[in-house]
Structures are given as C-alpha cells and as structure tokens.
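Two complexes, one shared chain (chain A), two partners (chain B, chain C).
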Partner chain A sequence: MKNIDQILEHCKELAFDLEFSYAKNWKSAQTDRVLIGYMPIYFPREITHAANALAVGILGTGDRKQIIKGDAFYQSYICHIPRGIIELALDGNLDEIDGFIFPSICDVIRNLSGTFQILKKGKFVKYLDYPQNFLSHIGGKFYKTELLHILHEIQKINNIEVTPEKLNNSIKLYNINQRLLKEIYNIRQEYPWRISFENLYYVVRAGMVITVEEHNKILEDVLEFLNINNGEPMDKIKVVISGAFCEQPPIGLIKTIELAGCYIVDDDLLLGSRWMKGDVADNTDDPLNALSEAYMNLSTFSSSVYSVGKPKGEQLVQLIKERNADGIIFAAPSFCDPALLDLPVMQKACDDANIRYISFQYNENTGQYKVIKEQVGAFSDSIKLWEDTVSS
Partner chain B sequence: MSKEVEKEKSMVLQKEMVARLFDELSAANETGKKVVYTFVPGNLSELILAFDMLPVYPEINALQSGMRKLSGNYIREAEKFGHSEDVCTYVKCDIGMMLSGNIGPTGKKLPDPDLLLLSYTGCFTFMKWFENLEKLYPGVPIAMLHTPYQESGKITPDMTEYMVKQIKEEVIPKMELVSGKKLDEEKLNAIIQNSIEIEDLIVKIFDTTKNVPSPIDAYFAGVYYIGPINIGFRGTKDAVDYYTELLKEIEYRVENKLGPVTPEGVMEERFRLVVEGPPNWTNFREFWKLFYDHGAVVVASTYTKVGGMHDLGFRHDVKRPFESLAEYCMNCYTNLNLTQRISLLSKYIKDYNADGLLVNSIKSCNSFSAGQLIMMRKIEEDLETPVGFIESDLVDPRYFSFSNIKNRLDSFFQMLDQRRVILKDKTAVI
Partner chain C sequence: MSNEIITLGIDVGGSYIKAALMHYSNNCTIIDKKCEKVRKRNPSVLSEEIIEYLLEKNNLKHTDIAYSASTGEGEMVTRKTGHFYSMTTHAKGGQFFFPEARTVVDMGALYVRAIKINHEGKVLDYKMTGQCASGSGQFIENISRYLGLAIEEVGSISLQSQNPETPSGICAVLAETDVINMVSRGISTQNIIKGIHLSIANRVIRLLSSLKAESPIFLTGGMAMNTGMVQAINELKTESKYKWDITTNDDAIYAGAYGAALWSGFRFFKLKEKKSIIYAA
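Moving on, here comes the complex of A and B:
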C-alpha cells in the first residue's frame, strides 16, 4: 500500500484541478483518445470507457475561482454552479474536452446545454434525457437510443467501434469501482474517525476525473488503510447529508460540519459515483441493454428521478436507519428547485419516523460558516443531550 | 386614448364557458364526473374530453389567485408548510391554496382529483409539484407522461415513439381505469378535428398583429385569448365558436384600423414590442398600464405559446392521433432549446416588424429564465434590435417592484424613441 497521506494529497489535487491536467495528459498520450465532460448527477461512464474516452466530471468552480464572466449569464436568483461552469468554458479550461453531456436533472442544467450549443463548445453537446418511465420496452428503449447517440458522437471523433466485449469489460471495472466505494462507506459507517469526510470526499471526487483503473487502485489502497484500526472515536453524532447532489458545498463547509460535532456517514454530494444499488450485468450480449436495465431497476433515489410509487422520503429514512445515523442535515444550494422542492416531503418523512434534522442553504463559494457552525453545533449537542437523557 | 370599453361578444362567451366549467367542477361529486389535475404545457385536453372528464389546472388556479390578490397568503401557507422562499411560486401558491381549503376562482371548493395526469413538458418543477400533490392526495392514481426535450432542435422518431407508447400504455389505461370507459377513438378524432379548427383560428388571430396599428395586444390581451385552450377547451365546439367570434371581432378592428383594447379603452400604437417571459399576475393591470400609457403594444409573445406552438405549422392530426398528441407536447415553447427560442424570437421581431424585444425575467421560473441573458445578447447582436430587461415574479407579490419596473421601462421606451429619431435622420440623409 502506498502512503495514505500521499494518496489523499494526490486525490485532493485531482479533485480540485480546474485545469483538468490529468485528463489532458491522458488524452495527449494517444491520438484516438477522447475527453467527455459531464455535469451532475449521474452519467454511465461505462460507455465512454468502452469507446476509449475519459469521462470528466465538471462540478463547477467551488470557491476556487473568481467568477467574472459567468455572472453575466445568470440572474441573481439562479444557483451558482452554471456560472462557474461558464467561467471555465470561457477561460479555456475546457478547451481540450471534445464533447459535453448535460444529464437531465433540472431546467438550469438543461438550459446550460443550450448555452454551450450557442457558445459552440466542444464537438458535440448532448442533453441526456433520462427517461421518467421505467418500463424496459418504453423508458428503457428510449434510454438506449440516448446512449447510442452519445456513442455515435464519440465514434465520429475517434472512429472506435464499441463491441459488447469492450462494454462488458468497462461495466466490470465500474462494478468494481462501485463495490469498493460501497465497502469504504460501510466501514466508515462503523469507524468514521478512520478517515475524515473531507478526505473521503477528495477520494471520491478524484474518481470523476481519472481513469477507472487508476481510481480502483486508489480505492483499494484507501480500503486497506480503513481496515487498519487507526484514530480514536470522538464524541460526535452521525449524520447523513441530503440535497447537495449538484452544486457542491465548499470544503470549508464540510469541515465546519465535522468540526461542529458530526460524523458524516452518508451523503449525496457525488451521488453519481455511487448511483447503482447493485452490479450491472457484465456478461450479456447486449451490454447497452444491461446499462439501461440497471438504470431502470438499480438506480438510487434522487431529486431528479420521478419517485411516485417509491417515495424518496421513505427511501431517505431507510438510508438513515441502515447507516445507524442520529440525524440528517438537509444542505441544498440556494435556488436549487429539485432539492428545495423535495424538502417538505423529505422532512415530513423524517418527522413521521422521529428522525431529527436541520436544514440550511449554501452556495459553492460560501465563505462564511459561523451561522452554520452554530446551527450544526446546537443540533449535535441537542442530539447528544437527548441520548444522555434517554439513557440515564 | 379613447375611453369606450364595452364587453365584446367573445369576452362574454369565454366568461360563460369558464363559469360552466367551474360549475361542473363544483358539482362533480354529485354528478360523478371524474376530475383530472394536469398542467397547461403539453396538456392532453383531447383525451380528457374523450373520457368526459373535467380538468383542473393548478397553474391556472395559481395565476387566478395572483390576480385576485390571494397568492401572497397562499405562498406564506406553503412556506409555513416547509417550502423554501426560493422555489417556483406557482407550486407554492397552489399548495397553499389546497392547504387553505382548495377554494377555486369562483369561490367554490374545487373537487379532489380522481387522476393526477403529470404531462411533464418543458419544466422539471412539474414533476416535483406532482410528487408534492401525491402526498396531499394519497392513493390517487398518477399517470406520468414524460416529454423529451427538443435538445437537438428537432423531434426525432424515437422521441415520438417513446411518447406514443407512454400515451397508449400509461396514460390511456389509467384514464380508462378512472373513468370506467374504454377510449372511443371516433369520439377522440371528432375532438381532434375541433382542435385543428381552433389551432387554425388561433394562428390567424395572433397573426393579425402584422397590421399597423396592431388590432390586439398579443401579451396582455393574448393571455386571455389563450385562456380557453389552456384550461381544457381545446377540442370543444364551444372553443371553435369562441375563436370564430374572436377572429371576427379582431378582423373588424383591422378593417377599421383600431388599436388594441385596454382596460382604459382603445390605445394608440407608438411602439411595437415582442415580449419573452410570462407576465406578472399580482399586479397585472398596473403592469399592463405601464405599457399602454407609453403606447407600447406587444405584437408577439412567447408566453402565449406555452400551451402549444401552432404558428410554426404544428396541428393535431386525425390520421395520426396519438403521434400528433405527442408532437403537440414536444412543441410547447418551454420544450424548445435556446437556439430554437432565439430563432423564434428573431422571427417574431422581423415578421411583426417590432421596435424592440422586452424580456420579463421571472424569479420563479428557471425553465424560462435560465439562459435568457445569452438569448438577449445574441438577438441584440444578430438583429441590432434594442432589448429591454425587467424582473418580476408570477404570483409572489413580494417580487413586484413597481418603481424598478417603471424606471426600466421608461428608459427602454426613451431608448426606442431616440433610436427612431436616429433611424429617421439616417433615412433622411440617404
């Protein structure tokens, strides 16, 4: 195993490299390599991998870049992430990226795809319309045509044909990736002090800008480290964060939550990395169909996916129970319709299940955490106090 | 401005139609008529009518509440219930109204839904809205119709096939279940035939603004004109009669060179505008007055196309009933990509000989608003057309700032005036 500190440092650099140097170097090593940028939440990276393309997660600029041009594209009442993405595009940070995928999660991301079309960014821009019908022969079929469209676009660039063998192999690698991540989360649930959430975040986020092969190696090393008993538990409550699936909270905010008395044992910050609740079939004659079936049947719950019949509130409550968490922090980006419109329903489910929660909003470039620190601190104290009272 | 404002026959017809619908709704529990809650963009009026069901449009209730100054309280109710200040106020107004007893625009209680028909066109918020409604009406069946976005600027056969399958296998079976009837395709086709007639009439009506002076305001009056097709009358004989009468009245105005009728009488046209974005409902009259006081007539607007785009050629089709229902949904304005929206606005500016474009950016509505700034810049650059920008909200009175809007509009109209002088000078020199 490599030195964990070096691994974490490496992941931290990768996670916040707004120049996407790793991806650019990867591409320059072979002429038929292609870079595909994708926005939150989920994108089936297996297809790009099989097409000799690297999927590069574009998550905005956080608090690491001053937004000048991007602000001229959005009214004050629109969330912050598209401004950062535009800034990156206009400053040339995304120039090497050949195609852009905008998964259908909200109208802001949808219309950002139109802005990229107008700005003529990349060789193609694709708004990936995820079906909201979950029957294989209806939504599943439509989803496959969407994925095929992307494969054709990549093929136009590098002339590589994706065979079932190649795609099955890519699915295998991503299955491993998801399993490793799940294992890491499972261990952390028991021993959250062994790696801070901040560091875990770097590890997961790094995986969105490097090859799956390399990320799998990193995850194996991290897992090995987590299996060693290290660190000391502190008197903190365990919480789950919900609502932060698109625009990312700044690292300062994550640290604040941890410092104010919480272990974050599950979250939806980089939900796309852990989207599937199980393995995608990796040995079929029609792996595209396998991906589609997996999307239909194995997707986790999310604000961007139609949930009638399997209410999200109940799924969230289930997650809290599985993680043995003490409470939930609803942290949503300001002006984020999908996250904020889910709040009352989610909170009602928590009320019904006697799960305690707090909620606040942030921007990716929020710089002041004093109020949040007090709020989270009070939340943590109240839960600890409650437990003490109950146990005495 | 002339002060004669008399109710025209078409207005009376519309009023009667709407009153009848709300009477039927309030009697639904006794008559046993089934009630469908659904949305304006991508509405499946023809199918609802074919099953003899009654529609309730939560957006229409919200805008009516806005106009009747009730929305502020409803929004506060929804915020007390846990909704954020930052989300679409149509949703909050609607939910607040339901939490306050679901009293409709006529003062009578609206019936609960028998079916929630989530025709999900052009806006993600609709989906969240229905997820919330599902909680308020547990156990009510929901039919989801996902409309793919025109991301590439066209409707592909795969998109149509996807929608037709949903209509046939998801929507119609749920309607059959709820109504207890089988779909009568002949009846559906007769309804569709009416829709085609209505669509032809609507295109003619909105095209009369090519005249100078324009006989109508295609935004402030336009929202009344689209009322019937947006609240469930598309496909009815009543609506054919209404639009026939309306066209007749407008043609009379054209022949007599009469300008648009406003709440204060017939106005004189000084500026011709194209407007992008929904109007503000809480202060609708005041808002309109800011335009007609300056002689600004709206000759085309995108908001009047949210319930369907017919001027670019789309018509329902009896030969392909389900395909055309699908294409109708995919053709609604907010389902167009930004490039399509830019070309549509540019076409309006040219076809209707507009002096400028005005964007009313709505705080609530990401579907409309996100991307409007680049659209404006593109149009300004490409056509050298003056573009004005104001901000308000649909139904949240807290976001209607009269003085801000007035100041911005005053400067915009001043700019249009100056430009006119400059252009005149240039022509004189040539």
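Moving on, here comes the complex of A and C:
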C-alpha cells in the first residue's frame, strides 16, 4: 500500500486542478484520445471509456478563481456554478476538451449548453436529456438514443468504433469503481474517524478527472487503509448531507460541519460518481441497453431527475435508516431550483419519520462559516444531549 | 467504573482559554481550574499546555479523564472526546453556579448572547448580538488600551464615574472615534469608561427584553467579571420596567468550561448505557 498521506495529497491536487493537467497529459499520449467535459450529475462514463475518451468532470471554480466574465452572463438570482464554468471556458482552461455534455440538471444548465454552443466551445456540445417515462420501450429507447448520439459525436473525432466487447469491459471497470466506493462508504459509516470527510471528498472528486483504472487503484489503497484500525473515535453525531449534488460547497464548509460535531456518513455531493445502486449488466450483447436499464432501475434519487413510483422523500428516509444517521443537513446552493423546490417535500418526509434536520444555503465561494458553525453546533448538541439516539 | 468519574472541560474563547477538572457524580465538584489570556500565543498549543498543567498539578493522567470536551473554538483542542456548542455549555455552566437561573447571559470577547433555560439547563431560546464589535468584551479591551488602562482595572474605574458620557453611535469604529473626541474634550477616563459600559449594558437589556427573559438572570463570560459592567446593567435595569434579579459569580468566566465538564459527564454515562464504541475507546 502506498503512503496514505501522499495518496490524499495527490487526490487533492487532482480534484482542484482548474487546468485539468492530468487530462491534458493523458490526451497528449495518443493521437486518438479524446476529452469529454461533463457536469457532475449522472453521465455514464462507460461510453466515453469504451470510445477511448476520458470523461472530465467540470465542477465550477469553487473559491479558487475570481469570477469576472462569468458574472456578465448571469443575473444575480442565478446560482454560482455556471459563472465559474463560463469563466473557465473564456479563460481557455477548457480549450483542450473536445466535447461537452450538459446533463439535464435544471434550466440554468440547459442554457449553459446553449451558451457553450454560441461560444463555439469544443467540437460538439450535447444537452443530455433524461427520460421521464421509465418503460423500456419508451424511456429506455429514448435514453439509448441519447447515448448513441454522444458515441457518434466522439466517433466523428477519433474514428473509433465502440464494440459491445469494449463497452462491456468499460462497464466492468466502472462496476468495480462503484463497488469500491460503496465499500469505502460502508466502512466509514461504522468508523468515520478513520478518514475525514474532507479527505474522502478529495478521493471521490479525483475520480472525476482521471481514468477509471487509476481511480480504482487509488480506491483499493484507500480501502486497505480504512480496513486498519486507525484514528481516535470522537463523540459526534452522524449526519447525511442532502441538496449539494451540483454546485459543490467549499471545503471550508465541509470542514466546519465535521468540526462542529458531526460525522458526515453519506451525501449527495459528487453524485455522478456514486449514482448506481448496483452493478450494471456487463456481459450482454447490447451493453447500451444495459446502461439504459440501469439508469431506469438502479439509479439513485436526486432533485434533478424525475422519479416515478418512488417518492424522493421516502428514499431519503430510507437512506438515513440504512446509514444509521442521527439527522440530515439540507445544504443547498443559493438559487438552486431543483434542491430548493424539493426541500419542503424532503422536510415533510423527515417530519413524518421523526428525523431531525437543519437547512442552510451556500455558494461555492462562500467564505464565512460562523453562522453555519453555530447552527450545526446547536444541531449536534440538541441530538447528543436531548435525544435518545446517539452515535454508536 | 464507578458512578463518580473525572471530566475535563476546556473553553477556547476569543481572549481567554479556561479549563476545569471536575469530579462528576450526583454532587459535582470542581477539582481545579485554570484561565490564561491568549495574548499572541497559539491557542492550540496554549490549550494543550493548560490541560497538561492541570493534570500534572493534580497527579492525573489523560487516561484518568473519562470524557474531555472542548467548547468555543474547540477545533483548537486536538485531544478530546467531544465538543459542545458554547451556548449549550454556558447554559449548563450558568445553572451550575446558580441552579435557580432561568436566563443566562454569556458576555464574551466577541458577542453577548442571552439564553433562556429550563431547570435542567436545557436551552429553550436565545438571542445574540450581531456582527458589530461594539457589543463585545473585545471593544472594552480596545478602549481600555487606547486609554492606557489594564483590562482588570476598568471595572473599578467605571464605578468612580459621576457623569458618564456615552458614545453617540453603536458602531465600534464610530464609537472609538467618539472616545478620541471625548479625550480631546477633556472628559475624564472614569466617565468615558462608564459611558462605554452603559452603551453595552443597553444592548444587554434590549437583548433580554427581546428574549422575554425570565428571572433570575445569571451573567457568565469574561465581561461578567467586570464589576463596572454588572453595575451598569443593574442601573439600566432599575431605570427600565423590568424586575429581573440579575446576579453573577467571581468565577463566572469559567461557565463554559464548567458546562463542558458537566455535559461530558452526562454524555459519558449516556454512551456507557448505549455501549457505544466511543465509551469503549
């Protein structure tokens, strides 16, 4: 096993490299390699992997870049993440990226895909819509067509044909990736002091900008480290974070939550990395169909996507129970329509299930955490001192 | 393990770090305590030094402490079992000093917070001053420094005032300018200091009023040790319609640390009951 501190430092550098150096180096090693930028909500990276392309997660600029040009594109009542992405595009940080996928997160992101087209960024820009009908012959067919469209666009760039064998192989690798991540989260649920959530976040986020093969190696090393009894347990409550699936909170805010008396045992940050609740079939004649079926039957819930027959509130309550969490922190970016519109529904489900929660909003460049620290500290104490449920 | 344990509470404040060792049982008693001004030292290192000092002085080892907890800027304390929010600890600490208290006012270096509590020390409601520095102990420290006074003497100097001059604004920056003007106008140090105390006391009274505070009220935090501050609050209370009984204690600055030590004991036995992994550790 490699030195864990070195691994974590490496992941941190990768996670916040706004120059995407790793991806650029990877591309320059072979002429038919392609870079595909995508936004963090679910996008089946298996198809890019099979097409000799690297899916590069674009998560905005956080608190690491001053936004000047990006502000000119958006009104004050729009969230922060598209401003940062525009800033990156106009400053040339994304110039090496060949194509862009904008999944259907919200209206703002849909319009961002249009803005990229107007700015003529990349060789193609695709707005990836999700089915709202979950029948295989309707929604499934639609979703498959969307994926085929992306594959054709990549093929136009590198002339590589994706065979079922290649795609099955890619699915296998991402299944391993998902299983490793699940195992890490499961161990951390029991022993959250073995790795801080901040460090776990770096590990997961690094996987959005590197090859799945390399990320799997990192995850194996981290898993090995987590299986060793290390760190001192502290008396904190266990919480789940909900609402932060697109614009990411600054690291300072994540640290503040853990320092104020909480262990974060599950979350929807970097949701695109942990979307699948089970393995995608990896040995079929029609792997695109397998991906499509997986989207409809195995994907987790999110405010961004349509859910039929499985109310999101119920799924959140189920997650809290599975994780044996003491409460929920609803942390949504300011002006995030999907998260904030779902909030009352989610809170009602929590009220009905007698689950404690708090909520606040943030921006990816929020710099002051005093109020959040007070709120989280009071929340933690109220559960530790006045509830029967304790972290165990 | 018996039902009597030793707990430790450490309160890392904006100006002072306070720590207390406690025998936690049905009749909790303080074993020892220590308070140090941070000055320009590293709070993390100073916290560790204070803990080591208390342990060594009382022939104790870290393993003798059943549960140690930080409060305030708790991230500065690395070796601990848990952390409690400063409002929770001041509420409990205030109740330890004065069990009948139904409102605790934490008057620290950075803000003033009025906390309504029940008979168990549970927080029922609270109000606190905003971001403005002019309602805090740090403001008094700044003014005393401008006037060449030690912080320890401002209370007694304030009591000598005959004709207090209050600053016109509530903004710390403007108030500091006011003080400079007062000095140039020849206003006495006693009257300036009393005016500053009355200005902060006025905020405390408004805070208590908006909280609909219940009597008796107990004052905690560094400013509670300032006799001039307590006098100013009582004077303004008498002028107002409120009939609150307001009191404090010479050790009220330790309320956060005592509260953390008390909650440590409570939490220890709760974890023991639950057979928690934290307890086993």
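Note that the second predicted complex is superposed on the first by the 385 of 392 C-alpha atoms of A that agree within 3 Å, B and C clash if a C-alpha of one lies under 4 Å from a C-alpha of the other, contacts with A are read in each partner's own complex, and residues count from 1 in each chain.
The rule we apply is simple: contacts are C-beta pairs under 8 Å (C-beta built on N, C-alpha and C of every residue); 3 or more make two chains touch, one makes a residue touch a chain.
Just so you know, these numbers come straight off a predicted model, no measurement behind them.
Chemist: Identify whether chain B and chain C fit side by side or clash on chain A in the overlaid structures.
Modeler: fit
Chemist: If we overlay the two complexes on their shared chain A, which of chain B and chain C does A:252 touch? Say first, second, both or neither.
Modeler: In the superposed model, A:252 contacts neither chain B nor chain C.
Chemist: Which of the two partners, first being chain B and second being chain C, lies in contact with A:384: first, second, both, or neither?
Modeler: After superposing on A, A:384 lies in contact with chain C but is clear of chain B.
Chemist: So, does A:348 touch the first partner chain B, the second partner chain C, both, or neither?
Modeler: First partner only.
Chemist: Which of the two partners, first being chain B and second being chain C, lies in contact with A:306: first, second, both, or neither?
Modeler: After superposing on A, A:306 lies in contact with chain B but is clear of chain C.
Chemist: For A:114, select first, second, both or neither according to whether it touches chain B, chain C, the two together, or no partner.
Modeler: So A:114 only meets chain B here.
Chemist: Touching A:374, do we find chain B (first), chain C (second), both, or neither?
Modeler: So A:374 only meets chain C here.
Chemist: What is the angle, as a multiple of 10 degrees, that the CA centres of chain B and chain C span when seen from the CA centre of chain A?
Modeler: 100
Chemist: Quick one: chain B or chain C, who's touching more of chain A?
Modeler: Higher number of touched chain A residues: B.
Chemist: With both complexes superposed on chain A, which partner does A:78 reach: first (chain B), second (chain C), both or neither?
Modeler: It touches chain B, and chain C stays clear.
Chemist: Taking the superposition as given, does A:137 touch the first partner, chain B, the second, chain C, both, or neither?
Modeler: First partner only.
Chemist: Taking the superposition as given, does A:236 touch the first partner, chain B, the second, chain C, both, or neither?
Modeler: Only chain C is touched by A:236; chain B is not.
Chemist: Minimum Cα separation, chain B versus chain C, post-superposition (Å)?
Modeler: It is 20 Å, taken between the nearest C-alpha atoms.
Chemist: Quick check on the output: what are the common chain A residues between the chain B footprint and the chain C footprint?
Modeler: After superposing on chain A, no chain A residue contacts both chain B and chain C.
Chemist: Can you check the complex and tell me which residues of chain A touch chain B?
Modeler: So the residues of chain A touching chain B come out as 72-75, 77-78, 82, 104-108, 110-115, 117-119, 126-127, 129, 131-133, 135, 137-139, 141-142, 145, 303-304, 306-308, 311-312, 332, 334-338, 340-345, 347-348, 361.
Chemist: Which residues of chain B touch chain A in their complex?
Modeler: Residues of chain B touching chain A: 81-84, 86-88, 91, 120, 123-125, 127-132, 134-135, 142, 144, 146, 148-149, 151, 158-159, 161-162, 165-166, 169-170, 337-339, 341-342, 361, 363, 366-367, 369-374, 378, 391.
Chemist: Taking the touch rule as given, give the residues of chain C at its contact with chain A in the complex, in rising order.
Modeler: Contacts found on chain C: 67, 74-75, 80-88, 122-123, 263, 266-267, 270-271, 274-278, 281.
Chemist: Could you list, by residue number, the parts of chain A that touch chain C in their complex?
Modeler: Going by the criterion above, the answer is residues 232-236, 259-261, 374, 377-378, 380-381, 384-386, 390-392.
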